[in-house]
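Heads up: the structure comes next, in structure tokens.
We just call them A, B and C in the order they show up, numbering each chain from 1.
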Amino acid sequence: MPFEPIRSLELRGITKRFPGILACDHIDLTVGEHSVRALVGENGAGKTTLMNILMGLYQPDEGRILINGREVRFRSPNDAFAHGIGMVHQHFMLVPNMTVAENVALGMKSSHRPGRLDLGSVRKRILEISERHELPVNPDAYVWQLSVGEQQRVELVKTLCLGARFLILDEPTSALTPQETDELIELLKKMSRELSVIFISHKLHEVKALSDTVSILRRGRIVFEGRTEDHSPADLAALMTGHEVALPCVECSDAPRPGGPGLLYVRDLRVRGDRGNRALDGVSLDVYSGEILGLAGVSGNGQRELAETLNGLRKPESGSVRLDGVELGGCGADAVIAAGMGYIPEDRNTEGIVPSFSVRENLVLKDVGTGGWSRAGFLRLGPISRNAATLRESFDIRCPSVDTAAGSLSGGNIQKVILARELSRRPKALVAVYPTRGLDMGAEEFIHKQLLARRAEGAAILLISEELDEIMNLSDRIAVIYKGRILKVVPGREATKRSLGLLMAGVLDE
Amino acid sequence: MNKSMKAVYNAVVILAAAAAALGVGALVFAAVGADIAKAYTVILTEPLKDLIGLTEIAVRAIPLTLIALGIAIAFRSGTLNIGAEGQMMMGILAASATAIALPDLPKPVLLPLAVLAGAAGGAVWGTAAGILKARLGVNEILSTVMLNYIAAQFYTFLLRGPMMDPEELVTGSGTPQTVRIPRAAWLDRLIPGTRLHAGAFLALALAVLVFILLWRTSAGFRMRAAGAEAKAARYAGIRVERYVVAAMLLSGAFAGIAGAVEILGVHRRAIEGVSGGYGFTGIVVSLFGGLHPAGIVPASLFFGLLLLGADMTQRLADVPANMVLVLQGAIILAIVSARQFMNNPYVQDRLARKLSRLLGKPAPNPPAGSREACPDPSDSPDPCLADEAEPRTGGGSPAETEEHR
Amino acid sequence: MSAGSFILNILILGVPFSVALLLAGLGETINQRAGVFNLGCEGIMAMGAFLAFLPPYFLADTPLAGSANLIGLLLAIGAGVLLGLLFALVVVTFRAPQGIAGIGLQMLGWGTAGTLFRKYVGGVTGVAGIAPLPIPGLSRIPILGPILFNHNPLVYLAFLLVPVFWYVLFKTPWGLKVRAVGTYPRAADSLGIPVARVRYQALAVGGAMAGLAGAYLSLAQAKMFADDLIAGRGFIAVALVYFGRWNPVGVLGGALLFSLAQSLQLSIQVAGIDFPYEFAVMLPYALVILVLALVRKSRMAGPAELGRPFDREQRV
């Protein structure tokens, strides 16, 4: 069906509720032809929900969608595709054990012949699109073999193959290096001459670089709309959060670092990943007492394996991990925890807490068999409850009661539960993996302050993050990991985004 | 949803599930040409009419309680034990062999020893599945089902061979059964003229112990953590594999005790068909009892009634006793379906909105943009039913974040 | 009996023995590829076996006797589809956990078949069943002929279905959708593939195959029905899918392995070798455990979301 071009797209009064949350609250949004509209907001502001409604993935509780002034109803993504709307989701929607061509064919209904899948026509279309937009992809590669950057390209090609003239991009740069990000923005600029784009982001310099107009979402409402060039990133930031937020920064002392082994000492660590690949290939690090060492890198370069190995969840092939002089390489998680290691894991919902356990139970998860929480194998319910009440107060955990299932809390409060448990154990060293991912600025600020406080008390903190701003704000020193090796360690104050970005891409010498 | 609305909602869901289960049963009753109302009346009331009936319900409830307690321990620890049937047979063999081999021991020694032997027999069979799962990642449902078939063959082999009553060979009748168990190992009958035996006290005492174990000890805490979210438990330094094995050991031991008690209290010798499906009914009892001892004890009485009632329908309503399997299957399907409605806030929310749209009232708005808490702690998903077919191999789907996708 | 004829006997018995496992395993492969683990297979097979047995039992001396087997097969397939859809309602629409729900379905199917059997048939009675159809010419080849080409039509059908299922799974649009909803339903959903509908379809196909497998047992293999006719073959079929790594060809290999173990066990008994009968019967079950323990956990081969319900609006 040849569809008419979208000259205007209007969302009117879109409202969407989820249990306990009003994700979109009467949102109005109008986007014209050949323009780039940035949709800006904190995590949880409702941006993705709104776009999923536009794609027909969610049905709005109220509101209408109009194309060229005529009301349309999208019951499934197929309807959105039929109108030439396509979306690149933040988490790539690619089936890992299928080829690029098969992934495209999944959406390309014209290839679904009776009793036969016409992959030939899909391949042809992929090559056509990739040539026209200078997006090289190999149609016969399996998705799991591709790097994050390549998968990003495949997503774009896939969306264009499905006929998208109106492109929605949800946080497309979140997994890219600064240089890859620049390339993508150039590419999108070029593409916006023929296409309309809605660009979702919370990174304001990208918004400035790419978009013509900007809409800011806060707590499910549009709070601002305007031309991008009229406003500074600082203005936009204030509008986005609703208040001035100055994230805390580390104050590096000028005293030279002590030499010798760090409190957390890692030497020549070699570890295999889940696929049998060598995920860590001789990593050596020292994290000193009273220091935050930031570990920068594109995710998938060994960060997860490093964190898991340091915490006794993965056996190293060789190498040494010591905490305060005690050898922990090859020890189980229980021994590592007993030695004084703290851990804020990557996936807070399945690694940090037991979701169906109450807040109270989660707060004693690590020490339930020891210390004050049990005697002769029997739980001491009184001290456990008092501990929960104290920590709820001091870490500002917002929950109806400490008997609430931890999994039903918001991400920020779940992270506070984890933080409260880990920090109240007074760890000598702490491994924090993406500690603020997906959280709003208020929670981010709180967590950063807590990490700095722990640093001041003398803990050795390894901060693993994809957010360069976070790493640069908090770290005394910054190490860059690339393909399982530490490429370089630089003092925090000397690091620039550009220099880190090159290192993250594996470029050691300029 | 507020508290009272939630209670109404839960009641509606439970009634709907019960109606669905009874409806499936009614279909089968109709298919065998039985009077549906009469058949249900017989099943549910006939056993309650005299003392024999009442005690026979309790007699059936004793092994059911024991088995269901064991299944609940395993289930709460993240393992679905379908192998109670086989574990019970191994318990019977061990208990009867012990009692028969040591006939001269005094009762205070022999009786506990025989029960412990039964526990050990079941524990061996349960632990095998536990180790296979913990060490080699073998799906415990499949391994326990296979162990059931193996145990059944082993049971027959012993009863027809090495453990057969020599009398049977002499008289030539060849009934596969052991000699009578020595009196010193008998569990006493509580009411003369009935088969109700002292195993009832053991079952009740163990129910209390299971509650204490799971909710009042640090070992139980860790078991439940390992079952609710194995990954988080592992990250918290809990040796999940060890607790999986321990849970299966206990689970098997409970089924073994059930077998021992059944032999020492009811049959007084190992014969064929003692387990008679108790191992499977125990799964239903455990689920029906909410995987909690306080629910399991009454649930086992209810299913004792059902089992006995189904036997009676054969005679009174001309419905084969297999009917009880149909009801059990329907009840399982109804319970697991209903639980998703009761525990899933998304489903509830959607239903609530649909309902309010039907009634023409606007749905109440939750606070904009905030997701501070669920309204009710009991909204938490039930950990025990969140089973997985396979341990996740990773690399499949990317991690999710805070947005709604 | 010579060693040669002993082995030949094992092979000749092994091929038809593999068919029930193969049919059920192929269906279960589709289920699991779509992300659903159907342990109720055993119960569906029981219903299939019972229903397929009925027409030849009741129509034996009527004019319809000639088509009784066909009617039986269709009944079994139809019941399989219905039970598959019932399972889909429970685990896809109601999102119930699949392991325990499968056990429920198994009890339901097994119990219903047993109840109806006792009411309407009573004792064990034989039926004529499906006759062998030697393939002209080929069946006369020495050794290979009797092993491969001297069986009933369902045997040939089952073996032909292996490449058919392979083609469907890997070369058709529907197979692509099935694999996508089992591995990454969100991605399929984002491309407008109706995840729930595809899973329903897969479960209907799986149910039909399980019903057919049951029918094979009562009509072609045992030529009778009994409560314990299935004897765990449904569960073994589920295990085979792991063994065959979700590939129809692998499932065929697994089915042959198990049927050879079974025919070995029978041959041992027939040959009068002094070995306790019960231990011989244990052999296939022990083999399942052994195989499950030895199969290496797959990385990218299988459906990553196996056993997980999908809810578009639910956060993970």
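Definition applied: contacts are C-beta pairs under 8 Å (C-beta built on N, C-alpha and C of every residue); 3 or more make two chains touch, one makes a residue touch a chain.
This one's a predicted model, so the numbers in the text were calculated from it and none came from an experiment.
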Any chain that touches chain B and chain A: C
Selected pair, greater C-beta contact count between B-C and A-C: B-C
Cα-centroid distance, chain A relative to chain C, in whole angstrom: 44
Inter-centroid spacing, chain C versus chain B (mean Cα positions, whole Å): 28
Where chain C touches two or more other chains, by residue: 183-184, 186, 299-300, 304, 313, 316
Where chain B touches two or more other chains at once, by residue number: 346, 393, 395-397, 400, 402, 404-405
Contacts with two or more other chains, residues of chain A listed in rising order: 18, 57-58, 89, 91-92, 96, 144, 274-275, 349
Contact set on chain A toward chain B in their complex: 17-23, 25, 43-49, 52, 57-58, 61, 89-92, 96, 144, 218-221, 274-275, 311-313, 332-334, 336-338, 343, 345-347, 349-358, 361, 365-366, 368-369, 373-374, 377-379, 381, 398-401, 403-405, 407-411, 413, 437-439
Chain C to chain B touching residues, read off their complex: 32, 37, 39, 43, 86, 89-90, 94-112, 114-116, 118-120, 183-184, 186, 227, 231-232, 235, 238-239, 242, 276-279, 281-282, 285-286, 288-289, 292-293, 297-300, 302, 304-308, 311, 313-316
Chain B residues within the chain A interface of the complex: 216-219, 221-222, 224-225, 228-229, 231-239, 345-346, 348-349, 353, 363, 365-377, 379-383, 393-405
Chain B - residues contacting chain C, complex: 24, 28, 31-33, 80, 82, 132, 136-139, 141-143, 145-147, 149-150, 153-154, 156-157, 160-161, 280, 283-284, 287, 318-320, 322-333, 336-337, 339-341, 344, 346, 350, 385-393, 395-397, 400, 402, 404-405
Chain C to chain A touching residues, read off their complex: 171-173, 175-177, 179-180, 183-184, 186-194, 299-301, 304, 312-313, 316
